[in-house]
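Heads up, there are several structures right after this.
Consider the two complexes below, in which subunit A is the common component and subunit B and subunit C are the respective partners.
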Partner chain A sequence: MTKIKFILFLVATVSCFVTGAQNITVSGYISEAGSGERLIGATVFVPGRNIGTTTNAYGFYSITLPADTFTLRYSYIGYQSQVKQISGKGSQQVNIEMKQEKGLEEVVITSQKDAIQSRTQMSSIDLPIQTIKSLPAFLGEVDVMRAIQLLPGIQAGNEGSTGIYVRGGGPDQNLILLDGVPVYNASHLFGFFSVFNADAIRSVEVIKGGFPARYGGRLSSVVDINMKEGNKEKLHGEGGIGLIASRLTLEGPIQRGKSSFMISGRRTYYDLIAKPFMRGAVRGGYYFYDLNGKANFQLGKKDHLYISGYFGNDKFYARQSNNSNGLLNTDFRTNLQWGNATAVGRWNHEFSPKLFGNLTTYYSRYRFMVSAQTKNQLVGSNEEYLLKYSSGINDKAVKYDFDYLPGANHYIKAGVGFIAHTYKPGAQQTKIRSILANQDTTIGVDDIHANEIDAYIEDDIRISSRFKTNIGLHWTGFSVRNQFYHSIQPRVAARYLITDELSAKASFVQMNQFIHLLTNSSIGLPTDLWVPVTDKVPVQKSYQYAAGMAYTHRTGIEVSVEGYYKTMDNIIEYKEGASFFNTATNWEDKIEIGKGWSYGGELFVQKKKGRFTGLMGYTLSWTNRQFDNLNMGKVYPYRYDRRHDFKIAGIYSLTDRIELSAEWLYGTGNAITLPVAYHSGLEGDEVLVYGERNGFRMPSYHRGDVSIKFSKQKKNWERAWVVGVYNVYNRRNPFYVYSSTNSSGNNAFKQMSLFPIIPSITYQFKF
Partner chain B sequence: MKRGTIHIIMGLLATVIAFVACTKKLELPDIPHEKKITLIAELVANDSFYVRAGQSVPLTRNSSLYFDLLRNMKLSVEPVGLPAFALTEYAEEFTGQAYTLPFASSQKIAPNTTYQITAAHPEVGTATAKIMIPGPFTASIIDTAHIQYSSADALQADITINDDAASEHYYVIEVLKQIVNIRNYFYHNNQWLDAGIYANKLIYDSLVAAGVQVQKHSDTTFQRAYTRQGVYSNDPNTENVKDGDIFAMNKRILLKDNYLNGQNYTTRVIIRNTVNEFEEDARKGVVHIMVKSVPKEYFEFLKAYEQYDPSVGFNSLAPPVKLTGNVENGLGMVGAAYEVRFSYWFDTWGF
Partner chain C sequence: MKLNIIAITAGILLFASCEKEITVDVPPHEPKLAINSVAYTGDTISIMLGKSVDVLKHKYGANLGVSNAVVQLQAGDKAAVTMKYDNASGMYISDMVAEPGIAYSVKAIAPGFKDVSATTRAPGIVKIQSLQRIKDVRLDIDGNTQDELRLTFDDPAGEKNYYIVIISASYMVNNYEETAYSGCVNTPDPSVETLYDESIDQNTCIESNGIFLRDELFDGKRKELRLFVRSTDLQAVEMPGLGMVYPTIEIQHVTEEYFRYIKSSRYAAINSGNPFAEPSNVYTNVKNGFGIFSITHSEVMEIK
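Let's turn to the complex of A and B:
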């Protein structure tokens, strides 16, 4: 009944502003001058009235005010602000092209209305792609996910990993979107690199709490990454040659001013380097690659079509061939490969200056495969033995989203979507062809098909010049194995402007997640399995409460302080000793279901403009788990319960040609379970007696990285050398701990560290 | 720069990075764990008492993985409602892994009876374990066969357990092989000659080559040692398959009552016949297939023990397997079983 009343209240709120007063609606698109790229989140503000709006994901904005003469101020971080005088009535289309700011001098912010304190959204951070590209890079590879790990409330997990753990959540609880398409495994090389090639990326937004109703499906975070659209005016390219990989991006007009393309590729070449050294019977290697592509077409004044895709793969391979005097040829091959593929088409249509619609249809696939094959060629006969294991997930989806801006006091977003999921929890194929046997057997759990329907509505309501709120509902229906699950998830956020520079914010959200990730390692392997909810494994549910303050200093320094409390129900862990590598039995029998909760405070300081830019984040947090059948039902700290987490990064432009950057990270050591004693076992063996689950801490993690970039402008192009040092003071951070004995024969624990001081050099070019 | 030089530089760099990833010794944390009495036993109905007792080794700073045998320990057994009696410590012949000392009594263990074992030591303290011996049940085996499984000689058997619907049961199937020393003799010149002696073997071979019908026999001596035979199951109702892998070799096959539900339940097991794969023909013997009814707490312990691999050691990336026993103020497990045993001679011998 309460939910019905809430919905009625929303409907009443929505309908009350459809008035026939004399209004003027100004709408249009904001794009970058010179390239035509649409700008996401650019601010349109009416000085003196405390009224404003922002562009949506396609650069569209609309603002409706009583007919009058007023000024609109357009601003976007890193771009020169513009001011337009508006007068008259009816509708007006004003498209804006914004020029990038030149020069390195400090910029004093004169208006605070586009800063963080004015947004209703909290627990959200936009990371400028230029900042990401300027930060020190591991082995010279700029990494979006590694930059995200610098934000407060977001932890990296193990050393070197690009996985993220947000506000005590698990690795499966992050919705990572690339052009609106979920990417299920966003890592290469066992997590050391992410799949996002920074040259192909236009914007990155991370949301840790206070989720707007348009997002759903994960408990802990949304990482919304958008690819570049492509330069509509001229052909442009950039690339880099690094120690482990090279990359090249090309973008340009298909039809000048109307349509464009972007294509970007990256590949490692360790295998190519190693190839000349492998002259024996055994050959092997590893590589990964990414391919991003996008095209967009202006189909008229009111329609725009975007097509984009991503394809990436990791592959380990080994091959051994033997020839015994021409009588027996043996060929052994083994492969381990995994990768993502996404494809998306989006069609924007502007129904009216106040109503904007977007149709999206997408496909997303993740697959993992390991195989071993032996072929024996004997005189007169051939034998073949094949063992192959594969797993994965794929989604096919269609959705429609609306943006409706009836007046200056409301910004309504609504949408509906359908996703057909196919889960492949693991199948093992055994193939034998020989004189004695002819077998081709596949054992495993059948594909699981699930259908998901989502619908949402949210309204960003301006209640007064100082008070704004965002109220929304997200509904999900999920059908799997003849069972239907559904949930209504309320989302509420509010902002009160205490002064022009300072605001107080609060939010409450419920999030539900209808899929689980089975992982029995702590490092995020490609073998981790995505599985749907079932009658035995219920829907994950989270409630998150957050409150905080946001402040922007006149120099442009943004400061936010937030506290949060988050509960997570129906989260899963593998039973002790259970293994993923089992194809014949049901995974549901291998897991335990429990709950978790996390609370803490975060401080974030960011400076986006000027000669010196950077960010600093500190998190003080507690994260616990409780499972009936783990740790004897007692509460225990989560593996990534990290009491203190501090990160600081700075970029300093020494001159037009030299840029310095540095970062330093500190985190409390990961919680681990340690053995406390041995005793004799049933069969005379030595049995380890474990202490409390996650009752001990690994040594703390800290690391400093530096880099320097030397740029030079040539006649028609620009080149740069980037020299970096990862882990500059050679800190041996723990990757894992194991038991051993020392030289005296006494018991000892030892830690394995992965990355010592690592210098790198990268050559970059742009034209 | 020549391409070959670049290859060498890049290769070296990759090698350097790979090799500098290193280990570092950590100080052991100050773990608050005192030595505790450890009790290990499986009390089998209608058999005599045999309990092993020792002490744990705390994993503290500068400690060694060395099990001091705990002397001066007193063990007693108290059947519920009956007077207690002592278990006697005795010297052991085979002390290769003497982490614990054996205590025994010739008294018979009665089914459907609860026993409390008490171990007391003046310095380490007192530990107790209470366990109920399950009642009788019946089982049978049919369709035993030699097969090849996983490229090795194996035995296949269909085991039927006759479950009693009146109470909850937990069943365990395990297989031990009692190794037999075999000596082969042949009759020649009015005496039995040992064919294991090289000179005699030459005589034997020459007789056979000459077409002489040689009388022969084999003498078998059973060792007192048993070796555990790996067992495979693809029965989805077994806990092994639920928690593990049909291709994995198990120490024990574990079945819960709720799948049997008071009926006759047949499950197929495949038993690895050789002691280990490197000794295909070296050691032969009699195979004992034991079907046991065990209490729930012992079943759960065995289930965890099935997943525990003592050879792996500790590594913080792997989820730990905790073995939770039933010894209060101590460690270990005093289990109990009602056992139905089947013995088979699968191996053939002779010369």
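Let's turn to the complex of A and C:
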């Protein structure tokens, strides 16, 4: 294995220096005409030579060819293609501004990088933000994570949850990045909404396997979300007023053509609506909000600075006040709040037409806090009692990434990074102020500090006009509690173009994960706790093998079929009987360590252009777990082992002003543990006997949603009404199942469902 | 963290729409016998024999006892005796006295059920060597004054030993004596474990009705267990006709089987009805059936 790793490394390194003489290098940036927003993944192609490249995350491209006269074709789906004649020697900078296509094509602006069969990368899907916005929305709130759940190989957890389970992996195994910054808890309202405001998002890419070496730290998926940069030419805005929340986004130039800003906010208003109706001594409410901001500055021809941030919070609160004849005033307050904050600065520098660098420094914080406070005011004395519990995680990081394009046959990416993690597994504060006592005590596990360093190198190698590979290595070192863990993770992907429309792909990746999420709720509870590996809790590892075919029909319909096999070692589960509440202390003692594996096949069909667009995904999969101390050591199905998972979604533009959309989802019921019997106990009591762990199935899940959008172009702005119905045929899907007595007094299994048919209406505007 | 649970549950209920009865493909449960017996050394051994019933056929409060079985009890190599069913108590009784260090086995045969059996070895006698109470030694996390109890006993060498320490106090309710447990006990002792086998510190709340220890760290040695108990929980009570009634400390020398049974039984009870906790089964040492067959040695001392 070491030899293989060495050979791979050698190939990748040597390839850096393979360049031809008498070449011409064309480089530059591709951006959207009218806004100056850089386009990620736009294609630069040399017709007739089957050579091309794509823009990186900052819109930069570079292509080096033997000195000659040739044509470059610039394309990006949803935008008008452009052609440039290139001749001469040396380096040339060609910046391109691409115009959006007119008419109905504009409705389906997509961010597809290049034809699906051409990419070396497999198991990856770019989800056009416009598709996400056009799909039926739960309670009228467009949700990025909910749209991601429509993709094959990606499953939702429970009813209503925005959490994702990718190819048999757990909820902790997804690296969710917002402008390159990890977001640790991407949920609002116990997982019913995600923290990503679609109006502030520019692109979404999901990778389920065949991970390039630049990604690391999680076993199962990467969800790479980028915020809008902001319009560099003129002020624009968009927003929406919905049943539960409203949002507003503004973007515009700071200095025309050189710098821009984007700011976006969203807030729910259940608390504000309910407030006038609350009478009496008890008051309470709930709200969440998000605030996204971004600014970017062109610092010269070769430098660009991006600053962005996100801040979001959820808060439940309740207050009760009593006044007993003016003698005793009692004030009781309780709060439950949690939220993420991220801040990132990125500085691009173009060292040469072939070498692009990016320095990133970021901060990411998740915190959870619950508190209860009682104040008693007696005649002549005051008493105060406070109980507060808090937990969370902080990251501070710096990294440098290079893109090096020595020739048309290589695209090398390399980088190094450092992250300082601070884990706060939980602390409880008790404060008492009274005549009898005056104390302020904090107990709990001390903060755990860990340092993570990583380095990677990958090369997308064009071996022939039909055969491409992406070979890379990712190294991670993790230091915690005087222990140092490290791993070298090889990544290999290959693509063979059978015809111009059809390719075969295969990949192998090893992924390591140095953090764990303590959860068994599956609904994205704010109490879910991130903890590092320790001497008791080892590093999670996975190996994933995947193979498949990708095809693009001349009508633009893309089809991919993939099979995968994934193993996961050192995954954790709570011990039998352990509850995930009160995770403040001794979490290492509450868990079991075991392994899991998943295999299956996925079919994905997507149509991106035309009046009708849509996608269809089907997954056939098996996912199992085995822990020595759970289920008597026997293999059992994972809770989200889902034999069949089918999703279909379509968007139809009836006219320029009316758009219909619908989706339907079906999934095999979740695996659950159920009681099978009672027996008499030691105290004459009755003891419940459970069957095999996850040995039973909930009823299957299926749901249909529809929506219709009526748009109207006004003089200087556009408005739209979106009417939607979630769960249109009122399917009662299971949230959880339990045994209880029915109306006849007999025992029966009952299911709790959450969401019946829910209509919604949203008003949207854009200027 | 009750507050936490309540707030989260309330949040979820905001969105809760309905429940309905469903059919789950659960194969019919084959009824099994359940043996339940934990005798104290020095007492005669009796057994409560019950049965299991399919969860969907179960009626709350239904009699799960089995009275038509043949139950045989055997001590060591001696001949097995057939236990007699006692209608009054609903138990199978014997004249066999549980003796420390002796192995016992029981077998039950009943029509319609698979035969069940269980074996156990009565733990040896472990006497309390001393009990010292030091008053007002520290404050607990809530600012209450605590007394320290120092309980000393000798652990038998060369074997795995399990102990459960219980602190209880008495009080009067309507002229009747009631026993109550003291609530939280703190201890820095690394041999003490919680229900979930968590490591503990001096602020961890250990319920006084089950302070669990195993002798891995003090095998064959004299053990001094230091416990901190709220001073108010250790007050003696004047009771009519009984005089001064003092709180007690009990040390139970138990079998590994009972130790595992009682812990699993308690956390199953705690998580009962919690849809988010992972369900768990109660431990059994009964072959082909359910329940617990064990013997315990107990020593009790007043806390003065």
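The working rule: the second predicted complex is superposed on the first by the 735 of 767 C-alpha atoms of A that agree within 3 Å, B and C clash if a C-alpha of one lies under 4 Å from a C-alpha of the other, contacts with A are read in each partner's own complex, and residues count from 1 in each chain.
What we mean here is this: a contact is a pair of C-beta atoms (placed from the backbone, for glycine too) under 8 Å apart; a residue touches a chain by one contact, two chains touch by 3 or more.
The shown structure was predicted, so the numbers you read here are calculated from the model rather than taken from an experiment.
J.: Check subunit A with both subunit B and subunit C modelled on it and let me know: fit or clash.
T.: With subunit A as the common anchor, subunit B and subunit C collide in the superposed model.
J.: Return first, second, both or neither, reflecting whether A:N382 touches subunit B, subunit C, both chains, or no partner chain.
T.: In the superposition, A:N382 contacts neither subunit B nor subunit C.
J.: If you stack the two complexes on chain A, which partner ends up touching A:I273: first (subunit B), second (subunit C), both, or neither?
T.: Touch status of A:I273: first partner only.
J.: Of the two partner chains, subunit B (first) and subunit C (second), which one does A:N323 touch, if any: first, second, both, or neither?
T.: neither
J.: Touching A:Q22, do we find subunit B (first), subunit C (second), both, or neither?
T.: The answer is neither, since A:Q22 touches no partner chain.
J.: Applying the document's definition of touch, where does A:N95 land relative to subunit B and subunit C: first, second, both, or neither?
T.: neither
J.: Touching A:I432, do we find subunit B (first), subunit C (second), both, or neither?
T.: In the superposition, A:I432 contacts subunit C only.
J.: Would you check which partner chain A:K575 touches, where first means subunit B only, second means subunit C only, and both and neither mean what they say?
T.: both
J.: Per the contact definition in the header, classify A:L243: touching subunit B only (first), subunit C only (second), both, or neither.
T.: In the superposed model, A:L243 contacts subunit B only, not subunit C.
J.: A:S352 contacts which: subunit B (first), subunit C (second), both, neither?
T.: A:S352 sits against neither subunit B nor subunit C.
J.: Which one of 8-16, 188-196 or 332-340 is the stretch of subunit B that crashes into subunit C?
T.: Clashes occur only in 332-340.
J.: Which residues of subunit A are in contact with subunit B in one complex and with subunit C in the other?
T.: Residues common to the subunit A contacts of subunit C and of subunit B are 443, 520-521, 523, 574-579, 581-582, 584-586, 589-590, 673-682, 684, 686-691, 696, 698-699, 732, 734, 736-739, 741-742, 745-756, listed in rising order.
J.: Along subunit B, where are the residues that touch subunit A in the complex?
T.: Against subunit A, subunit B makes touches at 4, 7, 10-11, 13-14, 17, 20-26, 28-29, 31-33, 36, 38, 40, 42, 52, 54-60, 62-65, 67, 96-97, 99-100, 228, 234, 236, 241-246, 304-308, 310, 313-324, 331-333.
J.: Looking at the complex, which residues from subunit A come into contact with subunit C?
T.: Those residues of subunit A that touch subunit C are 160, 189-190, 192, 286, 316, 334, 336, 370, 372, 387, 389, 430, 432, 436-437, 439, 441, 443, 520-521, 523, 525, 527, 573-582, 584-586, 589-590, 673-682, 684, 686-691, 696-699, 732, 734, 736-739, 741-742, 745-756.
J.: Going by the contact rule at the top, pick out the subunit C residues touching subunit A in the complex.
T.: 1, 3-5, 7-8, 10-12, 14-26, 29, 31-32, 34, 36, 38, 48, 50-60, 64-65, 141-143, 195-201, 203-204, 261, 264-265, 267-268, 270-272, 274-282, 290-292
J.: Would you mind writing out the residues of subunit A in touch with subunit B in their complex?
T.: Its residues touching subunit B are 243, 270, 273-274, 276-277, 443, 520-523, 574-579, 581-582, 584-586, 589-590, 632, 672-691, 693, 696, 698-699, 732, 734, 736-742, 744-756, 758.
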